[in-house]
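Below you'll find a set of structures to go through.
Heads up, the next two complexes both have chain A, just with different partners, chain B and then chain C.
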Partner chain A sequence: MKVTIDGIEIDVPKGTTILQAARMIGQEVAPPTMCYYSSLKTSGGYCRTCIVKVTQGSAANPTPMPKPVASCRTEVMDGMVVENVTNKDVLEARKGVVEFLLVNHPLDCPVCDQAGECSLQDLGYGHGAATTRYEFPRREFERIDIGKYVQLHMNRCIMCFRCVKVAEQLTDNRVHGVMHRGDAAEISTYIENVIENDFSGNVIDVCPVGALTDKTFRFKSRVWFTKPVDASCDCKKCSGKVRLWMKGEEVLRVTARKDQWGEAEEFICNTCRFDRKKTSDWKIEGPTKVDRHSVISQNHYNHLNELKVQVLKQQKALGFMDINKRP
Partner chain B sequence: MGRKLLIHNDKVPGINTLEVYRAHGGYASVEKALKTMQPDQVTDEVKKSGLRGRGGAGFPTGMKWSFLAKPEGVPRYLVCNADESEPGTFKDRYLMEKIPHALIEGMITSSFALGAKQSYIYIRGEYFYVARILEAAIAEAYAAGWLGKNILGTDFSHDCYVQVGGGAYICGEETALLESLEGKRGNPRIKPPFPAVAGLWGCPTVVNNVETIAAVVPIVNMGGEEYAKIGVGKSTGTKLISASGHINKPGVYEIELGITVEEFIYSEEYCGGIRNGKKLKAVVAGGSSVPILPTELILKTAKGEPRLMTYESLSDGGFQTGTMLGSGGFIAMDEDTSIVKNLFTFSRFYHHESCGQCSPCREGTGWMEKILKKFLDGTANESDVDLLWDIQSKIEGKTICPLGEAAAWPVAAAIRHFKHEFIEIAQKKKFVDISHYDRLNKIRA
Partner chain C sequence: MQLTNRKVVVSNKEQSLAERMYLPAIAKGMMITASHLFKKSPTINYPDVKRPIAPVYRGQHVLKRDDNGAERCTSCGMCAVACPAEAITMTSGERKKGEEHLYREEKYAATYEIDMLRCIFCGLCEEACPKEAIFLTDRLVDAQFERKDFIYGKDKLVEKMDARIDVSKRQTPEVLAFKKVEGLKHNELFDAKKLNKGHKH
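Take a look at the complex of A and B:
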């Protein structure tokens, strides 16, 4: 099936969604996502950040779709023409969605553990407005421990439903869900400290914001002061392929390995995540390749030289003075 | 007098019982359909009748039925949407309360056409007493052999169930209704797939409004072509209108589609004019979600033609100068009404009823309500009007289900036609009388 996204044509198999097709083309045209997670079935469609305009439904029926559609839940048709970054209305609508997502978000990034690897931060930076027009008190909740290792800070939640889907699809029993409705809706276990499952830690990885955090890592360090390395171990429960976040020789945190879209490649078990916190537990494979635009890449040895060369090149091109030869 | 097909017997004593209902020609459509017609013929009659969905969207019913997937070995379902929650709409309640058998007869005939062995009436929680009336009627129908195995000796068997919901507006959205019926949280599903392909428990399902299903009865009895003669153009047949607001005779009226709005408001047969001799200020023609129109636009279209009570005429001029027939919740407001206060009431409702699934509706509805509250408190300024307009434009069309639009349209229309009222309040020239709310709060406390 041929589909054109922002003027770029690509051939994709039947059943591919617009979002997947856009991701195949590349980062430039891929819509941002907050609730979609490729490894979770029926995820997506809620946050509305990935909305795009379909200007031609298919080759057989070229009428445009009247409303913007959620690209993560819309399958492509042969001859479909989609506009994302080339359509002003889409960008304006997305700006609106970002504003809505931030209406009840506390914007407490300076004290939030997710800062630096937060999807909402990236989204707000890329698509949001500089100031808020919301002048009313934001909704507030108490922090609760929903499991031994996981803390829920509902203030920051954007209702992406990913953690609910993880519990539903990865574990035997889902014990948390959504209570109430509208802007009073909240993720809750109803009874505290009940999430015991071996794979429950994955809710932390799928959470796009700082609503679900690792209690073994909370306030230990900002993520950009840690060095991520890929490591593995022989685990009986999961693949054992993880990412260690280290400070010196100390393992501060263990997470799943995430791909360029911020999604876990393979889910890991709680033993790997919370109990194996010594370097001797792991076989270290090497440093993680971090995108140089990420704040996490700062101070990191593996890209520093590459970065320096790039910066020098840029400076030379712009006719700047060489930083190393400053009098 | 206009013709009445649905509630012509509503004043007959005992019409809620099977005996009286049958004596007045009840269940004739079941007899006719099951004994003399094929299922497809019934669907054809509905198609010929031009019947359009009476729940609000006005989608042609015959077409909806013909979209129903019919794979072998998979059950099909008919679901009746009796979750009538749109503010200003109470026609289905009246019909079910007075003539419950009209709905059940329609359910049987429609199920025969669709080949559905089971059907469900999903009724809102607040109508629990109506659910009891329906259940009593269903028990009567079972006892008389109108429901159950081999109805009238044919091989058509049918079971009909009543399911009471929890009282959420969102469960009137068809996919949220199905979720709720399955015992889950009533969140709208993401479409496609549509219920006609994968509805209740993943099986092909048709969801129709109470009035739509009840209208199948006269259509089968009199024939689709005869039914289509009533009305104007593509708006055929009769429609129940719930008239409320500042009129002399509020209530449920059955009208022939095609009478003028002026006749409906001022004639003695229907609303009987505006009460206390006041002037009409504005009308919400089809339930709270449709755009409000000022008097000059509701009585005459922008072209100067008289506005008719039809799907087409009411939507003439788009949303710039028109509105929608919607569910037929006709709310008239006199000259003393504050549009801002009325809008606050509507917005508060949509904020309360938003399911919380998708971000624009979840956050936007609450935000709009808070801004409108500022107008009531007298602390709003002129920029708030533009902000309101901007928020509604960012909700409309960006949500999973139509609740987003339902929340955005009234705000847009109120600002479009009555912007001066907002500005006057913002400039502190006028204030909204909110003593009414104070009294209410005292009663609640």
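Take a look at the complex of A and C:
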């Protein structure tokens, strides 16, 4: 099936969603996602961040769709024409969605451990809404410890349902879910039950905000002061392929490796995540490649060589002499 | 292009009798020296007399407390990441119950160090601070005999409640007006009274 997204045509198999087709094209046209997670079945459709405009339904019926559609839940039709970043209305509508997501968000980024790798932070910053129009009290919850390792800050939750899908699909005995409805909805365990399952720690990785955080990493360091390193170990329960967040020789945090969409490549077990906090536990493969513009790459000089090559190239083009070369 | 008229062309020509005697030149020099006896001295008797400094002078840092005496710093690390000299380091601590009068928010700076030898007093830390915790003041950093004494910890940086430091002059009218914008209300701290007004689950 041929589908055109932001003027770029691509051939995709039947049953592909608009979002998946856009991701096949690349990061520039792919809509942002807060609730869709490609490795979790039935995820998506809650947050409305990925809305796009369909200006032509299909080749057979070229009428445009009347409203923006959630691209993660809409399958492509042959000859469909989609507009994402090229349509001002879409960006304006998405800005509205961001405002809705932030209605009850406490904006405690200076305290939150997720700051620096938070999808909501990126989204809010990207859409440039620094002020809020919301004048009413935000809903407040007490912090809840879910088990030994995970802490739930319900204040920050945006109800993406990703953690519930993880519990459903990854762990064998689901003990947490969403209680109540609408404004009163909250992630909770059944009578403060403890989540104890080998893969329960993955709820931390899938959480797009700082609602579910690692208690072993709580307030240890801001993420941009730690250095991400890819490492692996022989683990019986999971693949053992992880990312270590190090400060000097110390392993402060272990997470799954995330791809360009911020999604975990392979889910890891709790032993790897919470108990292996020594460098000797791991076989280190090398530093993680981080986008130079990310705050994570602040104060790290992984890209110095790459930068140097670029600078030298520019200087050469301007006719500068190479001062490093001896005559 | 001629910038001054003090340019002199040096030559190797033979000196005249007056020049060889040097006496006129010495007399000219003595006249200059003597004339300074009657001019006002530019020296001031520091520390009895101090030169006036601008209200936005960037001297030694202070970590402010709020009016209740709680530390404003929440150890978010924005100052450290903004610092071009990488002079700031900190570790965070979690506030325990009963420490609400000491720290404003649930996270606080357990240690906070500025290396005054690295600091270039650019003021980017106070610009980056989202909590209005760090300010540069008009105080000078004292001279020390040892390098380690230039690393200022919280003992030297946090202001004492009995000797508070006025930083109100450092905030320009534009900044003060910006803070009153209604839409930025969410940046204010939720205090206990406000919290009880919201519907609680």
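Just so it is clear, the second predicted complex is superposed on the first by the 302 of 327 C-alpha atoms of A that agree within 3 Å, B and C clash if a C-alpha of one lies under 4 Å from a C-alpha of the other, contacts with A are read in each partner's own complex, and residues count from 1 in each chain.
Note that in this section a residue touches a chain if its C-beta (ideal position, glycine included) is under 8 Å from a C-beta of that chain, and two chains touch if they have at least 3 such contacts.
Fair warning: this is a prediction, and the values are worked out from it, not measured in the lab.
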item: Which of chain B and chain C A:V295 touches, first, second, both or neither; value: second
item: Partner chain(s) touched by A:C109 [first = chain B, second = chain C, both, neither]; value: second
item: Partner chain in contact with A:I51 - chain B first, chain C second, else both or neither; value: first
item: Which of chain B and chain C A:R73 touches, first, second, both or neither; value: first
item: Contacts of A:A184 with chain B and chain C, given as first, second, both or neither; value: both
item: First, second, both or neither for A:K278, with chain B first and chain C second; value: neither
item: Touching partner for A:F225 - first (chain B), second (chain C), both, neither; value: second
item: Which of chain B and chain C A:K215 touches, first, second, both or neither; value: neither
item: Shared chain A contacts, counted only where both chain B and chain C touch the same residue; value: 133-134, 184
item: List of chain A residues in touch with chain B within their complex; value: 45-48, 51, 66-68, 70, 73, 93, 96-97, 99-101, 103-104, 133-134, 136, 158-159, 161, 177-178, 180-185
item: Chain C - residues contacting chain A, complex; value: 74-78, 80-81, 86, 92-94, 105-107, 130-131, 181-187, 190, 194-195, 197-201
item: Chain C partner contacts - residues on chain A that touch it in the complex; value: 106-111, 115, 130-135, 137-141, 154, 184, 186, 218-222, 224-225, 295, 298-299
item: Chain B to chain A touching residues, read off their complex; value: 168, 170, 185, 190, 351-360, 362-367, 370, 387, 393-394, 397-400
